[in-house]
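Step one of this worksheet: look at the structure below.
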């Protein structure tokens, strides 16, 4: 059994990790920390785990993590970088779900997250945890930086095209919409039920923190800079990201359906839908699948790529477990096989 | 492996059965029928099952079911009674999720369901599938009549009290509210998103089909007639039933919290919450748990019992799988251990 | 034109007052205060009012209110009592939407609101603002204490019965459910979209602050004490209260439908639905109507009363405007005639 | 008083017309027709209108419309064209909310609506009812073809830019999302609460019926062909359209905020938000406003235009009433001044 700890387990990625790990056949949950909820039973905060998770929240101290083989960080941005060095020194592997180790350009990170990075040396060492692109590096990593929820959807939606070099990389549009769980579990007026329900809006249309991560990720895949306009929107749903990508094909006579099907034929969690389909976010609710469909309106050169994932699963905790499985030499889908909850 | 068939697999209890059985370690799904969707791949109708369920819908004919050990009927009321006799004759066990075999009083059934019962002889033989009350009879049954969603919540909320004889059985109130999936997956104006969303109402307040089933079930538990007023309401949620029960305690100095905890201490799927709790339907979303909490406003004799279950899981398909496990001698929780999806 | 001020205009009852008063033909909005949003344009906080309300929030000081004829207090409990004495001294009438002046029993108020009451002398003077019961007293009042949202629905649902003396007043059940706007517009985890959406629960089942107000109001109507069990629930909707009341008729041969129709035939905002109806909360969304329907399951003595209102309108700001119209000698429905928004 | 009739009043644009016209000071509702609901009181179908609209549905016959000055058609596509000729012959003005008279290219209409057009001669005569572009022609029209909900949002979002000639018209993206009321009030599985709630998807991504109307409208504004990719999405909300438009500015040093503010400064129902804003659909819920905000991510040449409207109001029935006001020489905003309902 892999002994697993979770640092920062009171948010939605934390409870999602617990939900997935509670059913993982090779994992023993040994520690979960929360400064604010220290001493509280996990099941008191998250009653869905009553009878299934017995732990109490403990202090986020290295001593409480020492018996772990692997620790997930489900902390807000800027927290993991302080504790991760100690954890690594203790010979424990780390999967960080925050943005702390995603951007290789430290100055860019500091600009978007408005703080000084306190562990820049670890950024070089960290492996970007997108299995579909980085599987081999993940398998030997000590620190994995789990991709952001939006960036996962954009990269999976464009990967086959960028690898094949068949779209104009200078002008791509990614119009994304996310469920409210993407905003976290902090008290706020903006995310009250009464502010979000029965409504819809764009936000951060002039620039969102995931923009540089998206640009870095796409450039890595394409082997050169990619120009992309990314606009996120807030959906009145609990979970789910839907990204509608618009790209211009360089040649008209390419079979993009076949291109995607071939690229992802061996990927356990990327599902290319039949031609003409429209993925619904509910078809991946609570599951680790990413479903993709392709359209060419009027059979022109404009390609519309529809991508659906669960922001808490494939967009965060599910992908983290997938990375853990790869790091531990397990079958990549272990503990991740449940169908989405529908309706 | 138990070879399982599903008759009538295009509704919400059907897809919920498929979701649960797809992950059941001892079940092999061999047949799923639907007259209207014959030849269609299950995963085309329910994309959450892509890659997990390979079957196509076939005609609901006995020949398509003959290789099964057990068949679930997830058909509308009045359908199972025609095919079940043949299925039983073929030596196949049956779990019916419809109301066809729930009421022992045939005349009452015919009155509430406005049709002639065509297999009254089977009603006597059928075992009411509420494991918490009928476990032993279920284990040897050939036909199980799965309880209705509302009746499950009402019976579990009152069982310890009726068995202990500590409430006035002549005047009980059950104020229930259900998610929209309880209304099924038929085209209708009344259940359009735009008719239900951001709204709430009672329905059938003068009398609902589940009233006689509730009365029969409570009488069986109490050993005599029980007077109950049951009013259902429609919630703008996908899944979940919440029943608020009001009963008058016969004596003031009873510890109802202890009574419930003792009664349900060995029940795998009934969870008595700590004193002062309020169960949320989301805490059982997609899970087979029923969560119960008890309140005595002003410490008076009025007992308020709060019951939450998922109408598609413990209120239908999950309970059906629980019954199957009992009938097949498996651990009762096999395939039913996943935590609820939260948020 | 009546010069109107609003103290505490940043909550949901505040914006609802603004929405209603912006269209009121005899009202001039002169002041709106908010300590936290001082200097901010109202339309920046509530973009639905862009182009319709020009005011900025100002400090809640008596000097900013002196030009008003009437001031609404839409403040949290415990705030109005400090400023109202000064406002009254300046010859300005007051309608308080908080609980500060609702309970005549000061000790009871202090117990439920956990603070010392600082203007008990005003409580005697305050008139309870339920027009259907107190119209005449309201018309000459200087201070009106607007009823709570739940108490309005319970009192309107029981008034004809209590006045006629035809139910057992010792054992009434009021099972209520409210939209989330009833919880206010403060930052909180409990009322995040992701905590409330697609879920349902009871809360405060052991005792809610509206219990003593309900008991006082019903006793005033009945002319003696009334025993009622009140359990509130939280609905995943923005607006709307639905209360299901259970009462025992003292005699079987009473025509309750006629009783209600007669009692409310001249009430502009109480609508008794035809026999067999079920009021939906959306049928009163944004309107000042309260819709009521009556059922007698199995034609027995148990009477089920279904009551729907908008908690922000008839349950708060609409009722406050109705009281203002009465106090100012206007037609009671002025500015309140818009149909509910459906869908 | 203008005597008004409504043909086809049982859908959502019908009830929205009724809601708006019930409060219109210069309108007398004289007839409302529905073949299926003939003889039913309007208030029985739409309880929000109880006490406010007294009519019954009648047969859609010319004899029932003869006393009208103006008739709204709120019928499905393909219905108005049969009755409109008779209505016009009787000297009655017509505002059609369906698509029957929107497209000047009859062949294109027949291709997208899969039927033969039976009144092509009227198409020439019909005026496209977008007041912001066509006010003068509307004022003298006998037949107005009300714009579609999506096309309204796209045209208002692009009008200032196309008129100023400052964007590349060969490659525009309009990513739209609509509430479910846009799909109408017909029984269907696809629009059940349980199919739509807590989910999101694109639909008709390969081509939607509003595409040719959008192309025609933009070409009229631009004075030449415009290339646009339009992809609609389905939101789990009752009302509201949000369109996110992406366009390339031809020059970097243009002040688009000023351009929009100037263009719309005298428009009563187009509201250009301050720089940096993000319009929410709820800010226009039930109102006739269209709110627009502009963004230039990274201050580049890509312009992001955010447009919010209520699909039933500015996108249908509100715009129809606005056209009526213009045709009748009334102030354009008569009966349309209510603020949006928020929350």
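Per-chain numbering from 1; labels A, B, C and D assigned in written order.
FYI, a contact is a pair of C-beta atoms (placed from the backbone, for glycine too) under 8 Å apart; a residue touches a chain by one contact, two chains touch by 3 or more.
Fair warning: this is a prediction, and the values are worked out from it, not measured in the lab.
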Chains contacting each of chain C and chain D, listed by label = A, B
Remark   = Higher number of C-beta pairs in contact (A-C or A-D) found for A-D
Inquiry  = Can you work out the whole-Å distance between the CA centroids of chain A and chain D?
reply    = 39
Message = Could you work out how far the Cα centre of chain A sits from that of chain B, in whole Å?
response = 36
Ask   = Using mean CA coordinates as chain centres, what's the chain A-chain C distance in Å?
value = 45
Key: Multi-partner residues of chain B (each touching 2 or more other chains)   = 12, 181, 194-195, 197-198, 236-239, 279-280, 282, 285, 343
Key: Interfacial residue positions of chain B with respect to chain D in the complex   = 12, 179-181, 183, 185-189, 191-198, 236-238
Key: Contact footprint of chain B on chain A as seen in their complex   = 12, 15, 18-19, 22-23, 46-53, 181, 197-198, 238-239, 271, 273, 279-280, 282-287, 289, 291, 337-343
Query = Which positions of chain C touch chain B when the two form their complex?
reply = 171, 173, 175, 177, 194-195, 197-203, 205-207, 211, 229-231, 233, 235-240, 242, 244, 246, 248, 276, 278-282, 285, 293, 295-298, 302, 304, 306, 308, 343
